[in-house]
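Have a look at these structures, which come just after this line.
Look at the two complexes coming up: subunit A is in both, with subunit B in one and subunit C in the other.
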Partner chain A sequence: MYYILKREDLRPWLEAINREYTLFVPRTRDGFGPYEGELYLEGKTRLSAKEFFLPWREPLLVYEARPGALPKVVEGPVEKRVVFGVRPCDARGVILIEKVFSPDPFWQKRREATSLIGLVCEEPGTECFCWAMGVNPFSGEGLDLVLVPHEEVYLVKVITEAGKKLLSLSRAEEGGEEAFLSREKEFKAKFPVSPALEKLREKDLMTIYEAPFWEELALPCLNCGACTFLCPTCYCFDVQDEVVGSEGVRVRLPEACMFELYSRHASGHNPRRSPMARFRNRFMHKFKYFLDEYGEPLCVGCGRCNEECPANINLWDIVRAMSEV
Partner chain B sequence: MVAAPKKDMIPLPAKIEKVVVETDDGLLKSFYLRLLDEEAQREFKHTPGQFAMLSVAGKGECPIGIASAPSEELIMFTVFRTGLVTDALHRLPEGAIIGLRGPLGNGYPLEKFRGKNVVLIAGGFAVTTLRATLVYLLEHREDYGEITMIYGARNPGLLLYKEELAAWRKREDMKLYLTIDREAPGWDGLVGFVPQITEQVAPSGENAVALVCGPPIMIKFTLPVLEKCGFGPEQVYLSLENRMRCGIGLCHHCNVGPFLVCRDGPVITLAALKRLPPEY
Partner chain C sequence: MSTLTEKIREAVQKVLAEGLAEVVLGYTQGSLPYRNRVTAVNTPEETSKLIWPSFGVLNPANVLHKLKGKKVALISPGCVSRAVVVLCQEGQVKRDEVYLLGVPCPGMLDPSKVRDLGKKILRVEDDFKEKVLVVTSEGEKIVAREELLRQNCLECRHPTPPVYDELLEGEARKPSPSPYQKVEEIEAREVSARWQWFQEAVVSRCIRCYACRNACPLCYCPTCFVDDSRPQWVGKTRDPVDTALYHLVRAYHLAGRCVDCGSCEAACPMDIPLRLLTKKLEKEALSAFSFESGLDPEAPLLLTTFREEDPEDFMITQELKALGKI
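Coming up: the complex of A and B.
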């Protein structure tokens, strides 16, 4: 089902949603926050929508810090939330992570409680390459509604019942199917999937792993982990017990495979001791291990890693090397 | 036979019913646990070779191989004091409550081993899950061929499960070769490293499997011996360890290439291991 929403009707719609639900929007280039009037629609945000599902802190258990105390399970979030302005690449990131996290009760609760309204980019950003990774921004994958900025209006495609209900709070009117589909067709013709993916699928895992290029490509990497925290598909986490005074909490926190501690055993032995080994593991996971297991690369082409890498490493140098070895 | 892994990260409270100091240096203790929830305790079914996450509130969780056999009433873990959690665990008295999540991982395919000769090769405290395996094999003695165990430690004081070793030594339906690295006063058994002793014992690879657990250096020198004895890479089973956070295939810490030790392992054949990046 397709609808047309006038641009000037966007804010009244958001206000209406905000009256019934907790609404999050991209507030500045830095990221999402509760809707208070600020709205950043010029491009994707620095932090992805991943944080709504894998938050910076996920408490699992709370306990009294005394011997023998029984921990209490944290119920987890249940409040209904609507996130507006999710880029299709980020929505795809949620779908990819879900392939691993679907059995996790905390993930499930957050997914059930959250509706996502997608917003297709007016123009691809300079570092964007979602199409190369097989993302069709018009598909609405992972979203409840998807909006396409088009001339003076938004073309809206309804993906789910929840999306339809949200749209009913707006002044959108039925129509726009033809324009939507022609925009989609135009995009697909102009932006093809990267042939590197097919090559990566066919390549032998150990041939890529043992290739000589890793040392050189990993050389500038500082193992700072910025790429992993910004990445909408990186999902590794750490678990820590934090005790303050007499209260303890076990939390799940984002973690990065770039760090030496990530794989270090209690004995001191580390199977990925060298910075190169950790660098290689990240890209092997994204473009070979995950690709082989789930049929898709663990990358949505948002380009945040390229934009924010302090060492100016470009993902395509690595993907190209891996696919052409 | 393998129980479905728990997909959440919530430990069950377990009471330490008994603590046994296993070694002279005091660094290895066995903890005999009972889940507080009676139904959970009854339903706790594992396969030898599986592990569980033990947790001490305020310190964290760590993966430990299950040393008890499925038939035994209490769930037993022999723990080496080496990090934050194991150190905290070692300080706890009998009666203390800890957390347990499991059983996790795959365990040894013991059904597949039926009718075969089984060779268990252990070095140091890695013997724990092989103890569970041996107890199981002896309980199902008629299902298996010859059972041989080769177990080495640095000195007699570091051998685990001493009473059981004495009992197994007397049995006629299995062979137990105990060895220590160097001569020690009062020791009248074998002396030599596990690979050397394996070479002397020379178990046949015909209709047999070998389960090898020990430090990397022992494994490195034992594998060529097994190959010489006729064990193909499909007949040799190893158990991997890697740093873990979740134990249920989410956090990705323990990956060896595409292989997640917690989900796809810890037990793996040498043939499968040879196809993976050497990240263990």
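Coming up: the complex of A and C.
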């Protein structure tokens, strides 16, 4: 089902959604927040929509910190919420993370409670390459609705029943299918999938792992967590017990494979002790282990890593080296 | 090509040919017109990738720990030289194991100031003196260099390296006459307004990626206090109390040590004005002790030094002497 929404009808629609649900929007370049009027639509946000599903602090258990006390499982978030302005790359990120997280009850609850309204980019950002990673922004994958800015209107494709219900709060009118499909066709013709992916599928894992290029490429890397925390597909986490007085909370939080602590064992042994080993692991995970396991790379081409990496590490230098070794 | 780039390549070839160093740390062109990357050069043939950068915002002294055991030369503007000096004073690096190829620094440009000049930045031409030509998807702009400089370069007191093994010819920026203007703007506020600034500008924006710590050439503790687990000093989530503690301790740990290279701020993916914290402590060290860090490898360190005549009441030497006990 396709609809047309006039640009001037966007705000009234958001207001209407906000009256019935808790609405989150991209507020500034930094990231999403509750809708209070501020709206950033010029490009993707620095922090991705993954923050809605893998928050910086997810309480799992609460307990009394004394011997013999039994912990209680936290019920988790249930409040219905709508997120507007999710870029298709971020939505695809949710789908990729779900391949791993689908059995997790906290993930499930957050997914069930959240509707996502997608927004296709007016044009690719400086470091964008979603198409190269096989993302079709027009598909609506992972979304309830997808909007395409087109001349003076938004072309809207309805993906789910929930999406249809949300759209019924707007003044959108049926139509625009032809324009939507021709925009999609145009995009696909102009932006092909990277041939590197096929090469990576065929490459022997150990050949890449033992390749000589890793030391050189990893040299400038700071082993900070900027790329992993901004990445819409990095899902590694840490579990911490936060105890104040006799009250304990076990929380889950984002963790970065770039950190030395991430792979350090309780014995003190660390199988990825060198900064290079940690650097290599991040890219092996995204472009070999995950690819072999699930058939797709763990990357949606949002380009945040390339844009924000303090050391100017560029993902393509590594993908190219890995696929051509 | 910038003449400084030519001079650097020539000097580096000589350094490698004469065995003054096994490896040279400098900058190369990055993946965007407004980014440069730290790189290592091991052979004379590789020197052609070295450039004098407009956007050399990370301090290459930070990579020294990855090259332990090798004699390393560094392309050294003032702040790189000073960071190495502090590392020498603190026993992390031996002065004769590094070769400082000094460059009188004209100041570096701020990548985000250039990025914001247009939708897409296609090319940047920097004359390293007065003007920068920025070609964007919307057209060309000529901007005064002064407007695009990094804040720490605008506030730099030592653009010419104070310590070096060899100094290339060139014209450095004049030392800043007002290095603490931004710090003073915050100082002038009420206590509550300063706390609010700290919470809003620093704490609430931080994602705990530790890029600031990892980019710092002087943050080299084998185990950072935030990574300790027995005891665990600080929580690991983005809880404001934990994040505030991290930033306060990080800044204080750099008191009397920070050389204001600005790597922390440049590294921050959330554009947090981190330098203001360390700059404030630099100002304290200067006003209380007339001390500036990283100027002399033989000089004592500010916070590990005392004199018997120091006025603090815990200095009891004079008292003991008067009593005839020592």
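Definition applied: the second predicted complex is superposed on the first by the 325 of 325 C-alpha atoms of A that agree within 3 Å, B and C clash if a C-alpha of one lies under 4 Å from a C-alpha of the other, contacts with A are read in each partner's own complex, and residues count from 1 in each chain.
Heads up, the rule we're going with is that a residue touches a chain if its C-beta (ideal position, glycine included) is under 8 Å from a C-beta of that chain, and two chains touch if they have at least 3 such contacts.
Computed from a prediction, not measured in an experiment: that's the story for all the values here.
K.L.:
Given the alignment on subunit A, is it a clash or a fit between subunit B and subunit C?
P.N.:
Overlaying the two complexes on subunit A (C-alpha atoms) leaves subunit C and subunit B fitting together cleanly.
K.L.:
Once the two complexes are aligned on chain A, which partner has more residues of subunit A within touching range, subunit B or subunit C?
P.N.:
When the residues of subunit A touched by each partner are counted, B comes out ahead.
K.L.:
With both complexes overlaid on chain A, does A:Q240 touch subunit B (first), subunit C (second), both or neither?
P.N.:
Both: A:Q240 reaches subunit B and subunit C.
K.L.:
What angle, rounded to a multiple of 10°, is defined by the Cα centres of subunit B, subunit A and subunit C, with the middle one as vertex?
P.N.:
The three centres form an angle at subunit A of 90 degrees.
K.L.:
Quick one: classify A:T126 as touching subunit B (first), subunit C (second), both or neither.
P.N.:
Only subunit C; A:T126 stays clear of subunit B.
K.L.:
Of the partners subunit B and subunit C, which touch A:C257 in the superposed model: first, second, both, neither?
P.N.:
It touches subunit B, and subunit C stays clear.
K.L.:
Tell me which partner A:L230 touches in the superposition: subunit B (first), subunit C (second), both or neither.
P.N.:
A:L230 sits against subunit C, while subunit B stays out of touch.
K.L.:
Scan A:V325 for contacts with subunit B and subunit C and give back first, second, both or neither.
P.N.:
A:V325: touches no partner chain.
K.L.:
For A:R46, decide between first (touching subunit B), second (touching subunit C), both and neither.
P.N.:
Second partner only.
K.L.:
Using only C-alpha atoms, work out how near subunit B sits to subunit C after the chain A superposition, in angstrom.
P.N.:
7
K.L.:
Counting contacts the way the document defines them, which residues of subunit A are shared by the two interfaces, the one with subunit B and the one with subunit C?
P.N.:
On subunit A, the overlap between the subunit B and subunit C contacts is residues 238, 240.
K.L.:
If you look only at subunit A, which of its residues touch subunit C in the complex?
P.N.:
My answer: residues 30, 46-47, 56-57, 126-127, 216, 219-220, 222-226, 228-230, 238, 240, 242, 251, 253, 256, 259-261, 275, 306, 308, 310-314, 316-317.
K.L.:
Which residues, counting only subunit A, touch subunit B once they are in their complex?
P.N.:
Per the touch definition, subunit A meets subunit B at residues 60-61, 63, 65, 67-71, 73, 100-101, 103-105, 205-206, 209, 235-241, 243, 248, 250, 252, 255, 257, 262-267, 269, 271-272, 277, 281, 284-285, 288-289, 292-293.
K.L.:
Show which residues of subunit B lie in contact with subunit A when the two form their complex.
P.N.:
My answer: residues 7-11, 13, 55, 57-62, 82-84, 86, 92, 96-97, 99, 216, 241-243, 245-246, 248-253, 255-258, 275, 277-280.
K.L.:
Please name which positions on subunit C make contact with subunit A in the complex.
P.N.:
Of all residues in subunit C, those touching subunit A are 30-32, 35-40, 58, 62-63, 66, 120-121, 205, 207-211, 213-215, 227, 229, 235-239, 266-270.
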